[in-house]
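Before any comments, here is the structure.
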Amino acid sequence: MLSRRHPQLNSHGELIHLLSIEGLPKAVLTHILDTAGTFLSVNDREVKKVPLLRGKSVFNLFFENSTRTRTTFEIAAKRLSADVINLDIAKSSASKGESLLDTIANLSAMHADMFVVRHSESGAPYLIAQHCAPHVHVVNAGDGRHAHPTQGLLDMYTIRHFKKDFSQLSVAIVGDIVHSRVARSDIHALTTLGVPDIRAVGPKTLVPGDLREMGVRVCHDMREGIKDADVIIMLRLQNERMSGAMLPSAGEFFKTYGLTDDKLALAKPDAIVMHPGPINRGVEIASAVADGGHSVILPQVTFGIAVRMAVMSIIAGNEA
Amino acid sequence: MLSRRHPQLNSHGELIHLLSIEGLPKAVLTHILDTAGTFLSVNDREVKKVPLLRGKSVFNLFFENSTRTRTTFEIAAKRLSADVINLDIAKSSASKGESLLDTIANLSAMHADMFVVRHSESGAPYLIAQHCAPHVHVVNAGDGRHAHPTQGLLDMYTIRHFKKDFSQLSVAIVGDIVHSRVARSDIHALTTLGVPDIRAVGPKTLVPGDLREMGVRVCHDMREGIKDADVIIMLRLQNERMSGAMLPSAGEFFKTYGLTDDKLALAKPDAIVMHPGPINRGVEIASAVADGGHSVILPQVTFGIAVRMAVMSIIAGNEA
Amino acid sequence: MLSRRHPQLNSHGELIHLLSIEGLPKAVLTHILDTAGTFLSVNDREVKKVPLLRGKSVFNLFFENSTRTRTTFEIAAKRLSADVINLDIAKSSASKGESLLDTIANLSAMHADMFVVRHSESGAPYLIAQHCAPHVHVVNAGDGRHAHPTQGLLDMYTIRHFKKDFSQLSVAIVGDIVHSRVARSDIHALTTLGVPDIRAVGPKTLVPGDLREMGVRVCHDMREGIKDADVIIMLRLQNERMSGAMLPSAGEFFKTYGLTDDKLALAKPDAIVMHPGPINRGVEIASAVADGGHSVILPQVTFGIAVRMAVMSIIAGNEA
């Protein structure tokens, strides 16, 4: 009997691509977080390299530009001793009218071992994973509004680092949730890891009502939304939303949904404040909070390198 | 007695630059193909690196943008353990009014070991090879309409891989031959390797009549041109030609010179179909042919990495 | 008792950042030049790598574009076996409105070990050095009109290589001194190393009078300025100055201040001619001089790699 193949796992249940947190069992998530822990010490060492991906070719395929995210993957891959090739896709074959799948087939024929893909269209990394050669592994570095699984995983690493146990937590995600692949990945991860109280906080135009079906509490009142929260995840407000009809102004948004010390006082006394970066000071978060004692925004960045090293080394070690 | 120096060979007849296939003896071509064979197995290994160029600095100097070709050289150099520096020439000194030779003199003074050069002007790599320091090696990665020798060599590798022996073959090159440095390099290589029947197939505007002087049969009828061919090399039709007076339309071109299953049936039953990529599906080649059983387009890409590793390692090992 | 921290030296007087030559003791400069000497032989070796920075992550942060200077640092870092990450800052977070210090904090959190910074604003590398994590080292690769210390050091290396002793020299710096961070760094270095006769030569609009307070002789007459000089440092005339009111025309400038064989005859018979590059032939320097026997412009480039290797390896070995 033939079963339909899982898009991310092989027949032994091992991770071969990382496309989305949705659909991954808790054990797989926990294995990634545990592995990331071992890499954190690598990053503190005098010589920060391990030879796990030596001789492997990792291609950064950024169809949508993001220097920051590309850099984190480049560092992670180089610390694993991989050869990294950055492709500026906009300039390359894409502009010569070559199809996505022809580009992928060509790069696979060059004996690529891994594609790190960012794309403005949701689902593009799935398409690539379905069509690439069996020895090639795909990591989704953000696709449309759909998923940003390594960001979700580094957020989970951060929460576990500071809070130890997921089973008693209240986590508030605040801001532009409807456009956020980070929010979506976080919600799937928090749910899988057993967080009992997840809240989506923001104006009606930016928080989709159907989140309730995912077991998320929707709050349009910021103070209610972060009350007694253990973890507050602030989302970046994209500048381009500001000019549209969806929002009054950055100043108005900050007044209502910006995280200030004042509002933060409503959360648990030991609450942590997270943000995927880059932050807009004075738009979604006050400088005093971003730089304050509750902020774990910079540890998130540090953990992000270790989590990406973990993901790459795990999938490279599993066969399709 | 002083003899005029060969532009590509040292006094022992060894390759020190790869500028063009024209003028290279058969033994040199065969040595490159044989060496490429040994590197193919490197690319299949778990760890794909060999230390042949360790500590060498390879500069990719792409005065004309080509992400795909640059990537193949970058991969090849990294698998040989070289340090690779990509120079975006358009942004650099060239825009500050520095001459080509001053740029080259400066990079040579940085102890560059190899320049991989693509340039829109025919002959630019020769100029560089003539003027650079004796320890520096030059690889032509495509100059104007003149030559693209590594493409020619990977095409020869592909033909030899599938057909074993050059001495009995009929090879048809189809499409925009007049603008194609690939066609020119292929014709020189096929001639040197002893292919008895080389055909140039395309409309009068795109196939120069003087090819006959090179021993090539010129055919303006596609069916006649590919009849009983062992090898069909389809060329990319540059989009920019389409808008000019040289061609009626992409649809018209496909009807007359596009390779379809129908026309392919006229070739030998075991004919192979090649293309330098990126392909224009439905312009010069039907998707059914590009993805069909006769197509060796993706193996060409794989062989291309091995051939570039071979060229780089051979010239780096020979002294001027 | 707390003393105000030195911006570049730790409490043992060791170099931890290279921000400016101003304020560095002679012993530190001499140590860098001596160390560069040992790296020159590395660059001549068959395998040009030393493992001094293995596993270290060096970030090239070029807020102002300069392919040439970035390339020299990239080569130097790779020859020290570092992982190099080039950030195209214009495209990245800067364009998303992130502040310089937030960008730096984020990259530090990725366990960066060194930032090589070029910035159009004078002082930017100081700001970064003040705010980055203690384990991070900063090299100024040119900030505004302020300083370009590695260029200053490679110029000193060049002078010492050809002239051995600084204590008897006459050095003329010629051209657009007012806009030149190279001139400023050279003057500080020459003064610290004990050169008794430093001259600034150029038109009144381009040579600031307050140089006299730094012990520099200001000459508006070129022939007087280079008379009996041992060393002539020609500066690049930026094209953008030409169109302004500051200068008549390139032709006029060349006639008065361009270095020709004719004028060069006024200097010492064994004078050396230097230039930071890229040169404008026929604007500030005649081709015959640039390519002539007195020119040491290309050795400067070679020494520049060794000097940058020296700076990076020295600061990486010292703790804050």
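First chain written, first letter: the chains are A, B and C, and each begins at residue 1.
We adopt the following convention: contacts are C-beta pairs under 8 Å (C-beta built on N, C-alpha and C of every residue); 3 or more make two chains touch, one makes a residue touch a chain.
Labels paired with UniProt names: A, B, C = Aspartate carbamoyltransferase.
It should be emphasised that the depicted structure is a prediction, and the values quoted were computed from it without experimental measurement.
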item: Chain C against chain A, contact positions shared by both copies (same if over half, else different); value: different
item: Rotational angle, Cα trace of chain A fitted to chain B, multiple of 5°; value: 120
item: Distance from the mean Cα position of chain C to that of chain A, given in whole angstrom; value: 41
item: Touching two or more other chains - residue numbers and ranges from chain B; value: none
item: Chain C residues touching chain B - in the complex, by the definition given at the top; value: 43-49, 65, 67-68, 71-72, 74-75, 78-79, 239, 277-281, 298-299, 301-302, 304-305
item: Contacting residues of chain A [partner chain B, same complex]; value: 54-57, 83, 85, 87-89, 91-93, 96-99, 102-103, 105-111
